[in-house]
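Across the two complexes that follow, chain A remains constant while its partner is chain B and subsequently chain C.
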Partner chain A sequence: MIVRLALRLAQMLFVILAVVTIAFFVLRIAAGDPARLVNPPGTPEEIITQTRRRLGTDQPLLGQYVTFLGNLVRGDLGTTFRGSLPVRDAVLAALPNTLALAGLAVLAAAGIALLLGALAAWRPNGSLDRTVLGYAALAQATPAFWLGLVLVMFFSLQLRWFPAIDMTGPRSFVLPVVTLAVTLSPILVRTVRQSFIETQGEDFFRAARARGLGEVRLFTVHALKMASLPVITLIGLQLGFLLAGAVVVEAIFNWPGIGKLILDALGSRDFPMIQGGVLVAAIAFVVLNFVVDLLYRLLDPRVRVGAS
Partner chain B sequence: MRNRRVRGAVGWLAAIALVLAACGDDDAEPQGEADPDAEAEPSGSVRFLIAENFWADWSPYASTAQSQRRLERQIYDFLVDFPSGDPAQPEPMLATDWRQVDDLTWEFDLREGVQFHDGSPLTAEDVEASIELGSGFSGESAYSLTWIPADVEVVDEVTVRISTEQPFAPMLVELGQIPILSADFIAEPQDRPNGTGPFRLVDDQVEVKAMEANTDYWRDPPRIQELVWEFIGDPSTRMSALLDGSAQAIDRVPPEQLPALEDQEGVELVSATGIESVNLWVRPGRLPLWDENINFRRAVNWSIDRQPLVDSLVLGNSLAATSYLPTNTLFSASQEPAYTFDPEMAAQELEAAGEPGGGPEFELWVAEGFLPRGPEVVQAIVAQMEEVGLRPQVVTSDVAGMIDDIFSDTGTGAMYHLSWSSNGDPNAAAQVYSEQFAWYFGDEELQALIDEGMTTLDPGAREQVYAELQQHIWEQAWHVPLYNSDFTIAHTSDLSGVVVQPDFRTDFYTAELTE
Partner chain C sequence: MSDALPAVETAAPAPARRGRFTVRALVRRRAAVIGSTGLVLIAGLAVFAPWVAPHDPAAQDLGNILAPPFWDSAGSWEHPLGTDALGRDTASRLIHGARNSLMISFAAMLIGSLLGLAAGIVSGFFGGRVDTVTMRLGEIQLAFPFILLAIAILGVIPGRTPLHLILVLGIPGWIVYARVVRSRVLAERERDHVRAAAALGASRSRQLFRYVLPSVWQVVPVIAMLDIGFLVIMESMLSFLGLGLPPRFPSWGAMLAEGRRNMVISPWLSILPGLAIMLTVLSVNLTADGLADVFDPKLRKGTFRRTVLRLPERAEPDTANDDGAAVRRAAAPPQRSVGAGARHAPAASGAALLRVRDLKVEFPLPGRTIRAVRGVSFDLGHGETLGIVGESGSGKSVTALSIGQLLDSPGRVTGGQILFDGQDLTRISDRAMAALRGRRIAMIFQNPTASLSPVFSIGFQMREAIRRQGRLHRDEASRIAHDSLWAVGIGDPDRVLGQYPFQLSGGMNQRVMIAMAMAARPNLLIADEPTTALDVTTQAQILERLRDLVQAEGTSLIFITHDIALVAEHADRVVVMYAGQICESGPTEQVISEPRHPYTRALLESVPRPDLPAGVRLEAIPGELPDPARIPDGCPFAPRCPHVMDVCRTVNPDQFPVAPDHRAACHLWSPDRTKAGTP
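Up next, the complex of A and B:
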C-alpha cells in the first residue's frame, strides 16, 4: 500500500513538473518579448536590454529554467513582471476563489445530472426523456461566454437579483456557478441517464421492483448509488474542462481566481505570473484527480477488491 | 504600440508657451482648484475600470505604458500642467513661475510648502533629480525619445535652471509629462510610489491600484476619499459593471456599446478625438517595392476609403486622417490630395510603378482585442485593396505577437494596423517617423525637418517647418494614415468633475460623488 502510494505521489509530481516545464518553454518560444511590451516602440536597444536584465529574460533559456526550478524548490515563484509583486501571494489568494467556484459548479452539475438523468431514465424515449435530451443538446451547444453574458443581462441588469461581476458574497456565486454548471452538465446528464437505464435491467433492481418497492425508493436508494459512480469518474475526467471553463467564466464575472490571473498575465507575457498560475492549476488538477480516485474506491467495493 | 504611448504632454502650443513662459504669475493659482466653499472632507469611493493592462511598475521613468502614465497622474505632480485642456494655457503646478533666460536656458521658481506623501518636503534637489533622470540626461529614461540632452542646476532652495544643448521648443509641454519624484526615491526606488499628488497609493495589486485622498495636498484635498483603478480587459464585463453599479466609471467604451450607453438612464459619456494616429505602418525592408517605389505607396493610399471606416466601424468622435499629424495636434493641417478609394487613381499609380497586376503579396498584421474593431477595419481595408488588385494577406495575432514580429529579425509582416499617441505637440507626433524609430525609411529631408521643428523657437517659423514636414511626408506616403481614434469614457450620473483629455489623460482630482 505504501509503495503504491509512493508511486502515485511520484506520478503526480512528474505530471506537475511536466506541466510547468512545458508552460515554461512554450511561453518563451512563443512570440512576445515582455521587455518590448513595457517600452515604447523605438526605445533604444540599451534600454530594452536593461529591461530584459531586470526581468531576467536576457539569460540563456536553460539557465532561466534552472533558476526557475531552484526557486520553485524553495517555494519562491518569483515576482510579476507587472508591478514586481510576489507571485506566490497572488496565486495563493486566487486559488480558493477558483476552487470554491469550481467545487460549487461540480456539485450543481452533479445535482442537475442526477435529477435530470433519473427523470429521463424513468420512461426512456418518453416526452420527459426527450425534453431532458433536448436540454443536454442545447446546453452542450451553448458557449459559456454567451450564457454568462445572457444571465448577467437578465438577472443582474434587468431583474437586479444578482451582482453582475466580482466575488462579493453568497449571491455573487449564483451566476458564475450556474454558467459553469450548465456547460458541464450535458455529458453528465447523458451518462447518468444511460446508467439509470442500464441499472433498471440489473437483477437486483428487477428483484427490488418485484418485491413491490415504490418507484421513488427504487430510484433514490437502489439505482442512485450505481448511477453516481460514472458521475464521479466523469467529474475526474472533466477537471481539465472545468479549469478551462473557469478561465472564461472568471473573465466574464471578473472573478478573482486563477483563470483570470492567467488570462490577464498572458496578454502582457507576464511569465512568472503565468507559470505560477499554471503550477497551481496543475497541482489542483492532480490532487483532485487523486481525491476522485479515492472517492471511487470508497463508493465501489469492486474497485477495492480488484486493487487488493 | 498604443500600449506604450509616447510621451504625452498635454498641451501643444509649445511655441505659444514660450511667450507665456515669460509672463508666469507668482500669484497665479492653478486651474482645477477646488471650490473654497466646498471644504467638505473627501468622501465616497470611485471604482474606475480601465481597458489596458498595468504593464509597468514604479521604477522611475522606466516605461511609457499608457496605463502607468495615466495612473501616475493621480499620484504625482508636475512642474507645469495643462488642466483646462487648452494647449495654449500652461498653468503653474509645482513651479509657480518660469522664464526663458536665453535660447538654451530656463528658470523655474518652485512652490513652497509642498510635501511628499511620506511627509518630506519638496526641494529643488528633488526637481533636479527628476528632470535629469526623466529627460534622459543619464541615458536611462524611456522618456528621452522626445527630449534633447538637458542639464539641471539648483540655483537656490526654490529655483532650478534647466539648460539644453540646443533650443528646445516643446520644453513646457514635455515638462508637463515628467512627474516630480523625491530624490531619495530616485536614488533608491521603493515598491510604493512617493509623490506629491492628490492621491496616495494604499494598495498595490497586479490588476488593482487603490488610492486614498491626500488630505495634506498643497491644494484643497480631492473630494472623493477612495479611488480604485482596476484592469478589466473584457469590454462587456466593464459595461455590465457600470450598469450594475459595481463601478462608477469605465474607459475605452467600444463603438458597438456606444448606442446602448447613450440611451441609458443614469449613465453619461465623455468623448474626445484622441491625439492618436491610427495608420497602416509599414516596416522598412520587408516589402522592397514599398521602400523603393513612391507610385506603389500612393496606389495603396488610393485603395482605402477612410470615411466609411470611421462612420460605420470606428464611430464616436473618431476622424478620418488628413495629415500625418493628428487633427488635434498643434500646426496640423489637412493635406492634398485627400486620399480615398479611387480604383482609377490606384490603377494609374500601379501602372506607373510597373506593377499593373498589383505587385507582390504582403502580410498585413492586425491584433485582436487591441484597437477597437481592429480586425473588422482591416478586413474592410483588405477587401478594397483586393478590388484594385493589391494582394494583402491578413495575419491576426495578439498584441505581444505583433510587437514581436515588428522588431524581430525574422519578422515577416510588412504592414501593421497600429496607433501612435502623442501629446498635442508636433514634435512628439512627428518623432515616430524619425531615425530613432523602426518606421524610418532613411528619408534625410524628413529627419532634418523633424530636428528643425524640435529646435525652432519662433512660433511662426516653427509652424512653417511643420507645414513643410506634413506636405513632404504626405507626398512621400511612407505609411498609410487611416484615422484619429475616438476616446470615450462612461460614468454614472452621480459622478461629476472627471477630466478627460484627448491624450487619454483621466484625472479624478476634481471628481465628486453626489447623492
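Up next, the complex of A and C:
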C-alpha cells in the first residue's frame, strides 16, 4: 500500500515536472525573445539588452531552466513582466475561483447524468429514453462558449435573473456552472444509462428483485452504485476537457480564475504569468486525477479490498 | 441462469446480425440518414463556398452594418442573414466558416489518425519494447493537461497560420486512434487464419497487409467521424478565444466572439454561428453513430419488464381438463423420514400451495417468436419437493422465472395461470407481486457469485433483504443474518458478513444465498440449478443442507436441474421437461424405476451408475433440441425418438395417465394407440 502510494506520488511529480519542462521550452521557442515582446516595436537595442538582463533571459536557455526549477522548488514562480508582482500570489488567488466553478459543474453534471441516465434506462427505447438520448446528442454538439452566450442573452439580458458577468455572489455561479455542466454531461448521461441498462440485466439485480426489493430501492441503491463507478472514471478522463471548458467559461463570464488569468497573460505576453498559470493548472489537474482514483477505490470494494 | 434465455443464446446466434429489425435500429438508422444528409449538405456548402456564397465574405459595407436577417421586418433578401458590424454578409461568412472549420478539422483529423494508425499498428504488431514505449507516451499525454499547453502555444506563436492550428489540434489525437487500432491488431493477430498464415510462412508484411489491416480499417472511420465533431468544436473554441484562425479567415468561433459585442442589438450574430456549429457536430455525430452500428452491431441484453396478463380469469383451474393437459393432483403435508434416501410421494389431500396451469411463455424476437414454455401444468403441495429436470433450453428455468415473475423482456407469460395460495401471479399487481417475493416466494440461482452485488458487502445485502421482510431494526437484522449463516453451515458468520462476494468461493456464496432466502421463512423456495456451478463435494454438502432446512421449515421446494440423478435423490415428485413441454411427471420413485417416456428413459440411461460394470457405454441421446422458434407439429421429441411412429410427427401427444398419479406425453401410452399402430 505504502509502496504503491509512493509510486503514485512519484508518477504525479514526474507528470508535473514534464508539464513544467515542456511549457518552459515550448513557450520560449514558440514565442521568441521575451525582451522584444515586452517592449513596443522599435525600442532601441540598448533598452532591449537591459530588459533581457532584468528578465534574466540573457542567460543560456538551459541555465534559465535550472534557475526556474530552483525557484520553483522554493515556491517562487517569479514576478510578472508587467508590474513586477509575485506570480504566485496572483495564481493562488485565482485558483480557488476555478476550483469552485469546476467542482460545482462536475457535481451538477454528475447529478444531471445520474437523473437522466436512470430515467432513460427505466424503459430503454421508450419516449423518455429517446428524449434523454436526444438531449445528450444536442448537448454534445453544443459549444460551451455559445451556450454561455445564449444563457446570458436570455437569463441576464432578457429576464435579468442572473448577473451576466463577474463573480459577485452565489447567483453569479448559476450561469457559468450550468454552461460547464451541460457541456460535460452528454458522455456521462450515456454512460449512466448504459450502466443502468447493463445492471438490470445482471444476475444480482434479478436476485435482488427476487428477494423482494422494490423498484425504487433497486434503482436508487443497487443500480446507482454500479453506475457511479464509470461516472467517476469518466470524470477523471474528462478533467482535461473540464479544464478547457473552464478557460472558455471564464472568458465568457469574466470569471477571475486560472483560465482567464492565462488568457489575459497571453494577451499581454506576460511569460512568468503564463507559465505560473499553466503550472498551477497542471498541478491541480494531476492532484484531481489522484483524488478521482482515491474516490474510485473508496467506492469499489473490488479495487479496495482486492489490493490489500 | 445460463438457460434462462435458452433460445436467444443457443438457437440463433448467427442470423441476429443482419436480421435485426427493431424500432431502435429503425430510429438509429433514420438518425444516421438525417445525420449523413446534413453532413453532405454542409460539406457541399464548404467545398463550393466561393460559388455558393452570395457575397464576398470579406467585402465590407460600412453603410449597411448590423442589418437584420430576412425574417425581421427590416430585413432584406440582399443579405438573407443580415450583416455584421463591418457590413459583411453573415450568410457568406457562415458558408466560408464551414469551409474553414471543416478543412481545419479534416486536416487535423488526418494528421492524428495517420499518426495514431501508424503507432497503433507498429505497437500492436511488433509488441515488446516498441509497444511499451508507445503506450507509456500515450498515458503520459493523457495524464497531462494538453489543452492548456495548446492554448499557451497558440497564444504566443508570432504570426499564427492555419498550419499551426492544424498541428496543435491534430497531433494530440493520435493516442485515441493508436489505442483502438493497437487492440484491434492484437486481437486480429491471434485469429486462427492469421496464425495459420504465419505458420505457413507468410512474411510479416503480408500478414500485416493481407490479414490484419483489412479488419483494422473498419474501426478507424467511426473514430475519425467522432474526432471531426470534437475538432470542429475545438477549432471554433480556439477561434472564439482569439487563438484560432487569423482574422482574415472567416471562422464560426471568431464570428461568435465578434457578434458578442453587439449581443443586445443583433443577437443573431451570436446565435447563428453557434447553430452552424451545433448542426455540423450533430450531423457528424449521428453519422458516426450510424457507422458504428454498421461496423459493430452489439446485441443488447434484455431488461426486466413484467407483463400482467389481462386475459379473463378462468372459473375453476383445477378441473383437470385444461386442454386435456392438466395434471390432476393435490398435495399433502410433508411425510418424510429425515435422512431417508428414498422419498415418498405425499398422499393426495388438501389444497396445493402452487398450481401451474397451462403456462405459456414466449419471447417475441424480431422476425420470429420463441415459444419457451408451451402449456406446462403441475402442482406443488405444502412442504413438498418438486424436481424439474431437463436439458438447457427445455424451458425449466423460464418456468421458474415465470413463477417468480422475473422474466426479462421480451419474454412474457402469454397464457395460463400460476396460482400461488389461490392468487394468480400472472394477474396480480406489481406491488402485490413484490410483496410476495422474498417473503413468501424465495429464489436461488445457478451462479451464486453473480447473484450477489459485487459492490456491497454480504452483511449489507443480507440485512437489506431481511429488513425488507419485517421492517426490523438494523441490529435485529444483523442477528438474523448471523443466525441464518450459521444455519447453512458457515462457521464464522461475523467474518463473512463483513466480506464481499468476490472474496468468497462459489459454494460459500450459494450458502449465503440460501441463508438469505430462508431467513424470511418463505413458503416456496425455487432453486434454479443451485449447484451446477459448484464442484461435486460442495454440491452434495449444500444440497443436504438445503434439504434439512426446507424440511425443518416445511418449505415447499422447486428444484430445477439438468441432473436427473440429483432429482432422484432429493425430490418427492419429478417433472421432466423437453422443448417447453412436460413429457413425464409423477412420484420420483416411480418415474425413476419405471420411466414411461422415451426421453426420460434416455436421460436415465445417460447417467453414470455405480452398479454398472466398468466398460459399459453410457447412452447419449442422438440429435438436438428442436429450434424453439420452429418447433415442428407433433411430438417435439419425435426426431430423436427411437420409437417414433407416424402419428408422432403430426399430433402432439396429450398427457396420458400411465399409472396412478403418473403421466407421460407419449403416443405409446395413448388409450387409442391401437389406431396409431405399434412401434
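A few remarks follow.
We take it that the second predicted complex is superposed on the first by the 297 of 308 C-alpha atoms of A that agree within 3 Å, B and C clash if a C-alpha of one lies under 4 Å from a C-alpha of the other, contacts with A are read in each partner's own complex, and residues count from 1 in each chain.
The rule is simple: a contact is a pair of C-beta atoms (placed from the backbone, for glycine too) under 8 Å apart; a residue touches a chain by one contact, two chains touch by 3 or more.
None of these values were measured; they are calculated from a predicted model.
Superposition of the two complexes onto chain A shows a clash between chain B and chain C.
In the superposition on chain A, contact of A:Y65 is made with neither chain B nor chain C. In the superposed pair of complexes, A:A251 makes contact with chain B and with chain C alike.
Legend: residue contacts after superposition of the two complexes on their common chain; A:F25 is shown touching neither chain B nor chain C.
When the two complexes are overlaid on their common chain A, residue A:M226 makes contact with chain C while staying clear of chain B. Contact comparison for chain A: of chain B and chain C, C touches the greater number of residues. Of the two partner chains placed around the shared chain by superposition, chain B and chain C are both touched by A:L149. In the superposition on chain A, A:L157 contacts both chain B and chain C. Residue contacts after overlaying the shared chain place A:M273 against chain B, while chain C stays out of touching range.
When the two complexes are overlaid on their common chain A, residue A:Q140 makes contact with chain C while staying clear of chain B. Contact with neither chain B nor chain C is seen for A:F290 once the two complexes are overlaid on the shared chain.
Among 38-46, 56-64 or 362-370, the region of chain C with C-alpha atoms clashing against chain B is 56-64. Chain A uses residues 30-32, 149, 152-153, 157, 251, 263, 267, 269 to touch chain B in one structure and chain C in the other.
Put simply, chain C touches chain A in their complex at residues 1, 22-24, 27, 140, 142-149, 151-153, 155-158, 229, 233-234, 236-237, 240-241, 243, 253, 256, 260, 263-264, 267, 270-271, 273-274, 277-282, 285-286, 300-305, 404, 406, 408, 430, 434-439, 442-445, 447, 450-457, 461, 464-465, 468-469, 500, 502-503, 513, 516-517, 520. Those residues of chain A that touch chain B in the complex are listed here as 30-34, 36-44, 46-47, 50-51, 54, 80, 82-85, 90, 149, 152-153, 156-157, 163-166, 251-254, 261, 263-265, 267-270, 273.
Chain B makes touch with chain A in their complex at residues 1, 3-6, 53-59, 62-65, 139-140, 142, 144-145, 191, 204-207, 231-234, 236-237, 240-241, 243-244, 246, 369, 397-401, 403-408, 432, 436-439. Touching chain C in their complex are the following residues of chain A: 15, 18-19, 22-23, 26-27, 30-32, 121, 123-125, 130, 137-138, 140-147, 149-150, 152-153, 157, 197-198, 200-215, 217, 221-222, 225-226, 229, 237, 239-241, 243-244, 247-248, 251, 262-263, 266-267, 269, 274, 278, 281-282, 285-286, 289, 299-302, 305-306.
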